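Okay, so chain A shows up in both of these, paired with chain B first and chain C after.
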Partner chain A sequence: METTEIMDGKNITLERAGEEDRTLIFKNDMCAVCGLCETICPVSAIEANPTGAMIRTEQDMSKIDIDVNKCVLCGMCSSICPFQALDLQINGDSIRELQYPQLIKSAEIDNEECIHCKACETACPQDAIIITRELPSRAELITGEIDIDKETCIYCGMCEEMCPVDAIDIEHQTPTSDNPVVATDINVSEDICVHCGICKRICPVDAIKQVCRICPYGEYEISEPEINGNSYIDPELCINCTWCQEICPVDAAKVTKPFEGELTIEQDTCQGCETCVMVCPCNVLSFPKSTKSGLNAEKLHKDERFCIYCGACQKSCPVDAINVKRTQINYTPTKSKAWKKAFESLKQ
Partner chain B sequence: MPKHIVSGLKYIAAVNLRKQGQTQREIAEALDMDRSTVSHYLNGRNLSWNSIEVAEMVTNFCPKDFLILTHALLKDTERTRTIIQTCSNLKFEGIIRNSCIGCGICVDTCLMKAIVLNDLKAHINDEWCCGCLICMEMCQTNSIEIKEVVD
Partner chain C sequence: MTIGLKTYRELCHGCGNCVVSCPVNALRSEEVAGGKGPSDDVDIIMIVEDGAIQLKNVDLCGKCGTCVQSCPVNAITLEEF
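On to the complex of A and B.
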């Protein structure tokens, strides 16, 4: 019946064996110190450590502390954590797979719509997106002819050195008395050549004949380039911030946020310490670049499109300049009045 | 000596189970005894009257002491459950408040296995509740109330 605590670096595991074997796992790396677990815990077993210190300096401690003597392993913290940093497992199964209230959140990229531009991959604050793509070879997008007159060629190697796609290959050799030549052969690979004409222009003896057919004949000979690719969002890392959805040029990404609300910043109170900017897991906050020396339109810039209203910034602000108001919590229905009350209590 | 109290408790349980209409075979199985011993017990043989008196005293302890002592003597949850249920004359009603979060601490502590979780809430089977109040004491959200039912 005793609950035991195991520390693995900064990760915490709490275990209780009984009718059901319950295990609560805390992954320090995934925690944004938003404090939702601390707020929802019905037995006040969780304490989030001071955010500024946790984020700005190297700390040997975990971002949260769980009191092993108080924790009853009910799983509320695990259900509310928007970052999947906490996970309660019952008999080895995560309560995310069981009949427990869950935050309703999702993120997907429609691979049919996706043009594999990688904008989302670049923008994702959690590096949760991987876009793989296979581009056609350059030669497939061009058409032309090239021929090197080996009789005229003096094998000077200039064309080989200048070719931007390494399509020319010369078999160099040191001349010997029985074969007094500097090279034995020269070849151009038509699969690689992009018919840029540089070799023709550099050749000192006009040994190269090259023509690009696109100008005289148009592009009809070239088939549409085929770009194959795949998009993947790591569900463990994704925090549903909607950066991918907002930055996608073809509306291929769809994201549902777990919370709705309002984020307000008191520009006059803000001291510009940057803690919130470092804390925010969704890259909602930034310092705007100065337009004129000594002038800033605003101290701290926000773009609420990306905000999931976790409250980490508010918790971290040393001067209370930020207010996060949650107006809606999207979670799956539950018959438990205590759980319902706990989820609803996070609204303001 | 502990063995004698166990015998006394089993005697009382056997007599009560017989009154409930159970056969000697069923009684033997429920109390983990052989049939001949059950037969002897029901006929008042092979048992000192003093053991029965002590056992009767134990059954009249407060429910928590009765339960913990019996469990300590038998070292077996199943037999303990049977003896407590058959030898106790008290009836209880468990009420779970809506503040229950379904943490399962009560399920794990209940020696009578009278509590189950359903839809993130504990449910007490009054048939099996012996009124020990251990669950109530352990509950971190004060969600359990146990009431004695007086006929």
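On to the complex of A and C.
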């Protein structure tokens, strides 16, 4: 039973037929080059290439190398990968769906609580969230009256030009001897008009009458706007960084991280090369701007709320200024001592 | 497969961007961190010698790609060997 390797661009597939058909699939785009697969591999078949070089410079090679002669297709790399970049399939089924130990991680948005503000969609470092929403028409949120006196109107077009919502439409024409007028008609769409009053104020001949009813009568005529929407987190792209949970103004998002730990930065050693900032898949790190002239800002800023302790930053730092310590690995219970040992070996 | 620094001296303008942008160099030499070549014989990864880039201590390289990004003429790269 020989294992064969198939390269599809930078993606790697390892296959072995037998009593069970085992296939290991590596998706290069999903990989953050954190090196966890390299660390957990029991037969040292995986080599993760230099993180900074792989993320910041153009390379023809895959982010990791898998030695086809060493790999036993055990699936530990697939179980530990927090980015779903590796997947071992047994007879066509992913081990994430089978009774294999795996990381406990989740992310969900409660659609009942969600107000569809899109903050999570904007913040998500992996573009894993899609918020769709249907807003009411503007006309439903205003009330007023508008009327244009077509007899008085001189069809100068100023109202049409200034209307912020294009509610006014003039039928312009070039005057001819049999019809010597610059326009034939003017109409305002009451469904579009927001009763701002600009047309009335710009009109040089006072042909427009417009009143907003909110000022004299209040808002009682306007019903509560109905906003329908939906929230979706793509489970393949989500890396459980908790940005959605932390940025949500109504606590609609709940995230469970696969690892717990501690991230330490030695500010004096850091030279500000930005490698870690570019490498971090969770946008934990940033360079703060100085708030006052002459004031030294913190060199490298971290917000550990978003850190999943994958270790990609530590692996990428050329001056060893970053330390990632994993204190807890959240994985499903297993009786296998080998798997337990493998997961526990990632703690420091 | 290993990946490492490679230089193309014929392309190099000798601007020294790579030397001063390299975080390893900057940590090892205050002069380099301050934006100029070292005047002492401190061990750093690369220097500009005779008007072009010269690798000196590649074993110090953390392969972060900062020098590659700083080079205006692609005279320094991280490549497969």
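Side notes on the structure shown:
In the analysis below, the second predicted complex is superposed on the first by the 343 of 348 C-alpha atoms of A that agree within 3 Å, B and C clash if a C-alpha of one lies under 4 Å from a C-alpha of the other, contacts with A are read in each partner's own complex, and residues count from 1 in each chain.
Here is the rule we use: a residue touches a chain if its C-beta (ideal position, glycine included) is under 8 Å from a C-beta of that chain, and two chains touch if they have at least 3 such contacts.
For clarity, every value in this text was computed on a predicted model and none was experimentally measured.
Superposition model on chain A: chain B and chain C are shown accommodated side by side without a clash. In the superposition on chain A, A:P318 contacts chain C only, with no contact to chain B. Using the contact criterion defined above for the overlaid structures, shared-chain residue A:R16 touches chain B, although it does not reach chain C. By the touch criterion defined above, A:N49 lies against chain C but remains apart from chain B after alignment on the C-alpha atoms of chain A. Once the two complexes are laid over each other on the shared chain, residue contacts for A:P235 go to neither chain B nor chain C.
Looking at the shared chain after the overlay, A:Q59 reaches chain C, while chain B stays out of its contact range. Remark: least CA distance from chain B to chain C after fitting both complexes onto chain A is 23 Å. Residues 1, 16, 18-20, 22, 42-43, 70, 72-74, 76, 99-101, 334-339, 342 of chain A are the ones that touch chain B when the two sit in their complex. Contact residues of chain B toward chain A in the complex are 98-105, 107-109, 117, 119-121, 140-141, 143. Listing the residues of chain C that touch chain A in their complex gives 1, 3, 21-24, 26-27, 33, 61-66, 68-69, 77-78, 80. Residues of chain A that touch chain C in their complex: 47, 49-50, 52-53, 55-57, 59-61, 65, 269-275, 316-319.
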